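Listed after this line are the structures, all set down as structure tokens.
What follows is a pair of complexes built around chain A, which joins chain B in one and chain C in the other.
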Partner chain A sequence: MSDTRSHTSPPSFFRRALRQKRFSVGLTVTLLVVLFAIFAPFFAPHGENETTGPPYAKVGVLGTDYLGQDVLSRVMYGGQEILVVSTLATVLGMVLGILIGVVAAYSGGWWDEVIMRLNDVLLAFPQILLALVVLTALQNPSTWVIVVLVGTSHAPRVARLARGVALGIVSRDFVVAAEALGEKRSRVILAEVLPNMTGPLLAEAGLRLTYSIGLVAALGFLGFAADPGAANWGQMMNENRLGLATQPWSVLAPVVMIAIFTIGTNLMADGLAQAAEKGDD
Partner chain B sequence: MTEAATLPDPFEEVAPPRGRSGAAAWTTWLLRRLGLAVLTLWLVSVLVFVATTALGDPVRAILGRDYNSNPGRVAQLEAQLNSNDSLVSQYFSWLGGLLTGDPGTSLANQQPVWGQISGSVVNTLVLMLLAAVVMIPLAFGIAMISAHYRRRRPDTVIQTVLLALAGVPEFVTGILLVALFSTSVFHIFPAVTIDSPGGHPWDVPKGMVLPVATLVLAVTPYVSRIVRATLLDVLDSDYVELARLKGIPEPVVMRKHALLNAIVPGIQVIALQLAWLAGGVVLVETLFAYPGVGRQLVDSVRNHDVPMVQALSMIIAAVYIVVNLVADVLSILLTPRARTAISS
Partner chain C sequence: MATTQATPPGPASGGGLVVEDLGVTLTGRPADVVDDIDLVLHPGEVVGLVGESGSGKTTVGTSLLGYSRAGALISSGKVLLEGRDVLQLPWKEVRQLRGEEIAYVPQDPASALNPSIRIGKQLVELLELRGIGTAESRRQGARDGLAEVGLPNDDEFLNRYAHQLSGGQVQRVALAMAFLPKPKVLVLDEPTTGLDVTTQKMVLDTMAELCRAYGVSALYVTHDLAVVANIADRVAVMYAGQIVELGPRDAIFAKPMHPYTRALLDSIPHLSQARALTGIPGRTPAPGARPGGCRFNDRCSFAVDACRAEVPQLRTLEAGHEVRCLRTDEIGLWDINLGNVPDADPDRARDVILSVEGLDVFYGRKQVVHDVTFDLAKGEVVALVGESGSGKTTISRCVGGLHRDWKGTIAFEGRELAASARKRSAEDRRRVQYIFQNPYLSLNPRLTIEQIIRRPMELFGLAKGKQATDRVLELMEQVALGPGMLHYQASRLSGGERQRVAIARALAAEPDVMICDEITSALDVSVQGSIVSLLEGLRKERGISMLFVTHNLALVRSIAARVEILQAGRVVEEGSVVTVMETPQRDYTRNLLANSPRID
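What follows is the complex of A and B.
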């Protein structure tokens, strides 16, 4: 049984992905932004909420923001929140979506029909709308609320893909054989079905990470951030919007960071998708 | 159906269904599809209702710190939202209002919801339509150029740019456009839509350029990449090879053989992107202060204006469902194989 799944096992898949130029470029860009987000706060010239001059002044490398805080330092602090929240949301969305999709594909018949029909209902919501609707009745969203909202808005989309991939696997001989041997359902799914889905699922995870970053930044941009005082790339665009004409870098610096980050993750996702396609023989 | 059947389609293997049995099968399929759309919309209404009223406490969210100090206002708001009734009866009275064209009264300004929304629905549809009108020929054009230079330098450059654009969130592109064309580099277009009372935002066409451009940049990459992939598939096929061998010039092959076959996948991805636009307008309208449902939704969410949010999100979900329905019907109409599959 082990030889049937070896062709999509992670190590060889990564080697194949690394041969894709866009994957290696995307991975490099993403890693650089991630390292920046994690370590830049230690090198920031000023504190996160330290006032260094008048609002929107040309003090320091990138000037000051709407409260007179140093923009460069805020940019250096502002990546952590987005990085952590979007990563957690992606993991949550992937786990939920894979669970729903694989269970639907594996159960088949009536269950499959009901699960996927309910899934279609969730798909009728643009992702940002799902988050906004729930935020209506909440006073102050905590970080966890944002993680859960973004994550669950991914789940139905991941589920549809996971079901499609799983459908092609559950009917294969080695799954049927495992069932015939009397293996437990959960074990068949974990040991036989999931390992054969690695390629397409990794590509999907890359794509979901791109959208997570966009959604988390969007919520910050719309003014729904957990901590209004903290530096956060999405929120910085919102709070400094009025200064775009006079002190453009206060808005453009976080904008450029998010653009670079999403370009990196998207290139990575596309490289993974190409590697997954080629491995499908 | 008849006009679609006259489309020259190389995939055509079996004659399209004729006569009564074909029509009957069609009607059944269409009714089933419509029924599913209505069912989905109903489940959406349940979801919207639960998300806005049951997951949190809207009254507490509206009043914030005043909640404990102002019991009179609490009672007043609770009466307006009927929040002392059971959730089920609240839901049905809301649904009844929705179906009879009365989605309630806004909490923020005590005006009927529908009166405030109807104008912005038109504004948003105009914005989406303009974006679609610009995007469709642009995406097909780019795809044709790219497919023509397949895997050579121009194709690689185009594909890389499209891939990069596809990942960037729409409001990030929008802000970059504003900085480039409005505030920092050039000063050509206004940074926000100009909305005079009683007028329409498109009365000042200059103000529409950046919002439309932002939406176009957000959706073109996806459509273009799918159409290019389809074009390449078709250009590699045997019958195109035969057409070339017969001496048909390459531009004609591209136009007559390849493009027509890219239309169906094209329609599907265009529909997906139009449906996406229904959500994408939320951020773009907010960025450009465009008076549509998206900006209204964001404002209402900020004000915790539950009846407004409910009505607006139902409208956005409905647009999404209708666009998908139309796409399904169109792509079936244009694919002879699918037509015969349904009627047999």
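What follows is the complex of A and C.
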């Protein structure tokens, strides 16, 4: 192997990712949607629950919905909750999953088997099923219940990946060397193993964010939103589905927003994965 | 140039290959990977192309097939095979020519053979692709090919998969595949790296025999001068993308005229006598960062101002011996025995610090080490030597507490050590340090050099804060790393530099025993030379004892006082290095000695 590296510092992972077209496009799209969700309510022509005309009428830019509320305004209000919930759920799912996966890989042997088999049991449930069961049981689910449910449903999937990535690292000699020096196990995981996993894990986080949005929107569609009256992209699809033929925009507008956002996060995840693949060392 | 110009390409059409003024450049930036390469391969001749990592030797090797790796481009020159320029041919013809007329044997045959296709089918496919013969004759051809390289050729063997063969067998299958289409030229890229000496010898002998029998010219690319000394007819030494010395084998080894060749030879251990090995200071410059004038001038001990100003050309000294150096007439003669030192005294008094008794080691239910007993004295180096699978690394891992599934006694200063490092006292962990074989795996690529070296000090409470940083700098100086690298990440260093960091990390714990697991096997010979001289200095100054695991018997002679020869998990012979190597008692030891490539 010829050693032809120059003596300049290797660019950080983020810099390398930025060089990927996918990543920069995805990042821009995602940021735009996030900015829209945060600031749009200030510019909405009507209030969130303000009636502007008869149901399903062509009043205003995008018409009205099943209660005669302005669709454009509701789209502008409806992003915040979905974004906050899906981001928090993703963070929770990643943290839990990485913890499970890395601990399993690092302990190895019997522990690994037990943890991962239990994990497999959870994996056997379709992701949305668990959330549905709990949500139907609860009377008035609050927002954090949805965060926890979506987050925990991600955890087993993240754990599988984290374990796979960590397995390749825990067997490397520098981890063995830390062992031989008698480093604390927690330090070995935090200082030696985790920093070498950032690439693939970031990519997974992007992907999980996409799924979170889908899940949260789906739960909203099925009527499990925290506040039934509030605007919510997912819920809007459910509310207005009967008017799809007469007033298509009432359904299409939230769908388009969700689509744009998931495409953005997905591109970002793709770009991160590519940057991670293109050589870590 | 004498040989090339005396026999122009025309008359060489009896076979062989002529390389003229070959240059390969990077596509990203204007930098030469190799340039000004002139080389002739006569029919039936083996030419050794020797160089260290980054010298461009592999680039030259693959250029002969008209191939350059991604990011590089063959930018000038000719590769003439029977008057046809391989570099100018349309790619369809080049594709036909590769394998059929110019064959390539890669460094790692295990990854060159398709793991999901049976050996026989892979051989037959070669002939099928070219539409040679019938199904039956092809199968017979495959059998003959295997017989030529000394492998079994029954149906059972033909039906095996690559993973069912040993490393040497895989390499010989690769050789058989290369020879099957009866090529005219063969390019071998370090085909025996990673093989045991006995297998290496077998593969090399097979190759040399076939080349001579079929009049095939071979280019043998390697970093190992000792191997070249045993098989090549002529040797070309490469440095920083140029051939610096080219000549008949005997001339190169008896009268090397380039300072680089001499420095390389000085860094190689001999089987017959202990030597004070020396390295070459600095590191091989990367393409684009090579100095002006003579490219070796910044590392050469003979350099004068003229060497920095003037670019030397290859000059012919005597028939066929060419050198790229301005000062060949002034630097005098060289003697192979120059670095010789007395062997370690076998009668020295020994004060045992670490002893291993009746060690049995298991991997699961399988016992891999049987009843091994030896000890290590203060300030002494004991070598564990054997082929792969002999258990030498396993034993060292048990001593270091990295493998815990063992029975027996490992005592440090008379106290028994626990099986795993975690169960040992912090003091015991500090005093026994382990250095790994592969420096690319043993340092966390995300940490800086400072963080890596100071960690043991903090962990064992030896120093902290400013004091620790000072100590890190002190250690870095000891292992010949500049203070500028303090905040480098490990991923920016070369292999040799990384291994120095690993040694510094071990030294940071102020150990009494260092376990060195093949620590030089992944490094260039010149780097190996400097690491060995560093270890020798540490042993003398600090009285550190070392358990030195290696497969290189010549290296043992120069570094160790005692040696344990291992075979299949058992010690078959032990004693002082001089006794064992001068008067080996067992056939296994004699075989190892006989098969080790040597230049003395």
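The working rule: the second predicted complex is superposed on the first by the 268 of 281 C-alpha atoms of A that agree within 3 Å, B and C clash if a C-alpha of one lies under 4 Å from a C-alpha of the other, contacts with A are read in each partner's own complex, and residues count from 1 in each chain.
Convention: a contact is a pair of C-beta atoms (placed from the backbone, for glycine too) under 8 Å apart; a residue touches a chain by one contact, two chains touch by 3 or more.
The structure displayed is predicted, hence computed values, not measured ones.
When the two complexes are overlaid on their common chain A, residue A:51 makes contact with neither chain B nor chain C. In the superposition on chain A, A:195 makes contact with chain C only, while chain B stays out of contact range. By the touch criterion stated above, A:143 is placed in contact with neither chain B nor chain C. Once chain A of one complex is fitted onto chain A of the other, the partner contacts of A:180 are limited to chain C, with no touch recorded for chain B.
Touching more residues of chain A than its counterpart among chain B and chain C is B.
In the superposition on chain A, A:172 makes contact with chain C only, while chain B stays out of contact range.
Applying the stated contact rule after C-alpha superposition, one finds that A:87 touches neither chain B nor chain C. Within chain A, not a single residue is touched by chain B in the first complex and by chain C in the second.
On chain A, the positions that touch chain C within their shared complex are 1-7, 9-10, 172-174, 176-177, 179-183, 191-192, 195-196, 280-281.
Interface residues of chain A facing chain B in the complex, by the touch rule stated above, are 22, 117-118, 120-122, 124-130, 132-139, 210, 213-214, 217-218, 221-224, 237, 244-245, 248, 251-252, 255, 258-259, 262-263, 265-267, 269-270. Note for the complex: chain B touches chain A at residues 36, 39-41, 43-44, 47-48, 51-53, 55-58, 60-61, 64, 160, 163-164, 166-169, 171-172, 175-176, 178-179, 183-184, 191, 275-276, 278-280, 282-283, 286, 297-298, 300-302, 304-306, 309, 313, 316-317, 320-321.
Taken in their complex, chain C has these residues touching chain A: 33, 53-56, 58-59, 284, 286-289, 400-402, 421-422, 424, 426, 429, 434, 436-438, 441-447, 455-456, 459, 489, 491-492, 494-495, 505, 509.
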